[in-house]
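In order of appearance the chains are A, B, C and D, and numbering begins at 1 in each one.
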């Protein structure tokens, strides 16, 4: 009796063990880890992507499934109004991608905002308009009319991939001044897919435009999950709550960071608290004579790469995403706490300028 | 000028991006995620491992590096007293592994407890004694004298891999009764390395012995980090704080769970709060007529596999570790909240018995 | 001078090293490794998949990119004739998926054959017809007319996922006998996606029908490459050369094997030479007294799992795909060569029957 | 009857499928793929590594298991003669690592050669001597006596990590000239672990010394297998057969290539045939008007990174290891074959100089 029971127990455990991974990979979501900021929650957003309704290769529901499983909170499908290469097979219907995706987005508790890409010549370049009610009204002969029509619907409008055809074709023209002066232009993509645009970065700082990073994805996204070193270019939005209205308010207020190739790009006022919410020196610090052994913990989804700017500590410290690194150095200083001044080279507060921080060792 | 600055910015970002992963892999630690229980913190422990000082293949410091990088909190090196196959090259020195490892353990903020494996014939089997002061005093001719010598030092003593040579050689004998009646035997390995011992599991429940799971590792551990489906067999200890004394108190009090091949094995009183601290149904649940769409989030390092025991919900739900699963079902019931009764088949409260739970959908 | 040159050399190597992986992942193909058979080359085929032109989620070119990067040689897009859930957005056009995909297939040197899925009720079930000239001619009211129309174009016709709605709905009916007797039915899917159909397997053996395995994929395929334990269900075809005509000849002649969840299913006459072309015992075998140490090398993309059927050798031997395993055993036999009789449990020559082999140790 | 049989068949397949990966990971070897050269076989070698018998952290048998599972053919354990930091626990015994490892090496069919590291001050630096009979005879007061004692045993002697303490301490001194003029010094490590030494590279070319790359590993190697982008620094040796004598002959003859961080470093006479044996343009090349579509196949374990040096073709082509890349370009040229001149930037024939090649498109 006991023997049979024992055999069955082992068998049970074996079968249980074998059945451990039966959830379909398509139906599993993995979180992306970024800390909230004081007063705001942090939401991961991709506000530029395409489907078969313009020059993309997938049905709109695929975009919802991708964003959900990779841990996104907010998304916008932004098919081209003017560029419709599949129209012989799929007659033009600008509002259709949103309609086809919204049921799935609701079921998966994702915020889906109606958007489009206004795609005229470069220059003046391409512009995304999101939070729209009816995309058809943007299908106008003149670009400024389209931009105005978007603003008439209360849209948030941003300039996409500014220098994608070179800086010459990405320069600031009268038409941009018109948009800007009318408050019709609210942001720029600092990063788009695999590209970073330092001029756009600089202009966002100078002209107080909101910084965005988006995937502009056309093909299927093969990523099962977002990994720190293999993720979609995206925008972190610091908003008061998870709602379309709150995301919109935050975008107009410029409370964003761009997540691009294991770097964060944002105004210092957002990067600084984000760094300190994500990274800490663990206590106790081990000191033995001149030797100091330090554990630096990074809880967020981007690595932190630190270069010493003076005083104590090793020349450089790298802490991978979601990891703790151990570092050793010697110092003649006996004070406690010990303050270590560093620059976070992959947290950019301006083109070529990392975030200055002080690591405090208690 | 602007152009040069732009080029330098891009170059800066490129180099920054390239330097992102410079921390040596050996010096990066990844967390293991299990929630704390009310009143207790959860610590991950491996209390059975070997080095070149008995029949293992690595220097003691390698064990510290392995446990640190894989996210362990507590460890014990437990080389055999009686089995010294390398003594021609390494003269016997029972206390030496601890001495060689303790500096590194302190530097890495790991709790290292002095331990050993009392290795006589099977039966009566092998026993680990941990929290020792001097291992040499356990090197006695009679096994009961060794067990008593361990207890004289206040050791926690447990029976290793009970049925490793079959149930016949793993049966409970008079010598075990002597240990038990003298309160010299405090726990048993329910799992050791790749093996589960249901008889040991049953005896722990019946005789109120502490359940343990350990690696008994001899070779180098190739794992860079602990993954849910590739981790060391180990013991979760629910202790009041991170200290040797608190870990010892918790082990004597039986507050443990065994983590083995993506399963948890423990008394119901620990598994139940651990499940509810780790797993929740996300709000809002989406209901549309009879259709219900549910997201079940699992924040811990072990998957949860649920089988329906009645009422509403799909027949089975699997949520991988650190993931959210989406499940869909239909119900005629219109009540809110909706209670879904399930068994967690990979959370074992007895041999062959999963943990019963109710998922509440608000 | 020397110093600058040295610095530049190191810098050069560093940059070279950094640029090593610049090919877009979408444009990299990885081979699938199966040996050729005497007189035939082995081609990996997926002959059942869907796009937005029926109930799939991707544009036809996505299917070409998937098959190419995963190492396939032959593919057929087989959208449903009768099931057109996206027709409000994409007006029905049965020949269109082939037309849209053929340019890419030619550029990537993939064989693309025009196919479709005849999708009536179950029973009698769904049937794929491939090597067609004009799919529109199969859009008939009666199923037998559609099957006949396919055969009029010289198509190869096979019964898909026989028991997908249970064995009752998958039973052999008069309509199947009519097809079979007219030689209008040439094969069956023994495996489709995640499912294996032993009845179909048995019927293929008894009725001399060609065995097929296909993906029936609807969503994007997230696999960057085909891995032994994460691959598309597919058909190996043993053909005289890489051409549409040769593939067609081989399918009509029944020269196939089904690759499904790290198993191969085929007639013994194909599995036996495939096993011996893929697996060998390396020389020299190390013998020392009664001890034998053996290295078994497996060069193909499927593991081999061997169970002893008598005589010498360990009870079981597992050799992962594209790997060599070391096995040790003792024997009283002193003869050379030593013959070890085994069954390959994951090479199925009939439902529940593995391939018998003899490993020869020289 | 049929039903039961069917159920059993499915169950059989399921269990077969579940048991697919039962070989212990420690007992699986994966090949490293490099082509043979005309007249020679290519062997992968690591000729510099440490154990607990000097300042390493593992038992000698661990080094054998590592090299075997990662696909190496030849290895040498080269513990320091003079640096014995563990001698209080492990009394000095220079020949012991070889003795402890040789049984395992023979069982696994690995060539193990007896070696040691002569470790005096830097300068003049450290030297490995391999193919020794008795290491104790090298334990002499004077370094030149040790080097001579090695040569008296017919050893192959090479200078390790030349500039590891900077170029100043790695300069060529009279003592090196003495060794060189006596033909006591036969090679240099161009790469050691994570470092490349361009000066050593240059000297090997100028002085006709054999180029080597070795791991100099001290800790356990966590790699289960050698991956193109995560492999041990090692030496490819082009030898007439797999034997100690043939490897020794090849080393003295200078027939080597260094495999370091996805690059190969060697004399052009070896790199050129190796490139052409590993890389080819697949036929047929697809041409349509001015458009050319090319598939470049790389069968070896190192990527190839090509930069155009003139004429036709894209500016750069990258083909990952063991992959095929597709490249597209336009040309006005109508000739066939089309010759594309490139430099392989990660195949170094001198410091800072890649291998020139011509890709022929038929």
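As a convention for this text, a contact is a pair of C-beta atoms (placed from the backbone, for glycine too) under 8 Å apart; a residue touches a chain by one contact, two chains touch by 3 or more.
Only a predicted model underlies this, so the values are computations on that prediction, with no experimental measurement involved.
Looking at chain A and chain B, no chain is in contact with each of them. We define each chain's centre as the mean of its Cα atoms; on that basis chain A and chain D are separated by 41 Å.
In chain B, there is no position where the chain touches two or more neighbouring chains simultaneously. Every pair of chains that touch is listed here: A-B, A-C, B-D, C-D. Within the complex, the chain B residues that touch chain D are 25-26, 52, 57-59, 61-62, 65, 86, 89-91, 93, 96, 100, 219-224. Contacts from chain D toward chain C in the complex involve residues 2-3, 5-6, 8-10, 12-13, 16-17, 19-23, 27-31, 68, 106-109, 167, 196, 198-199, 201, 229, 261-263, 282, 284, 286, 293, 295, 303, 305, 316-320, 322-327, 345-346, 348, 351-352, 354.
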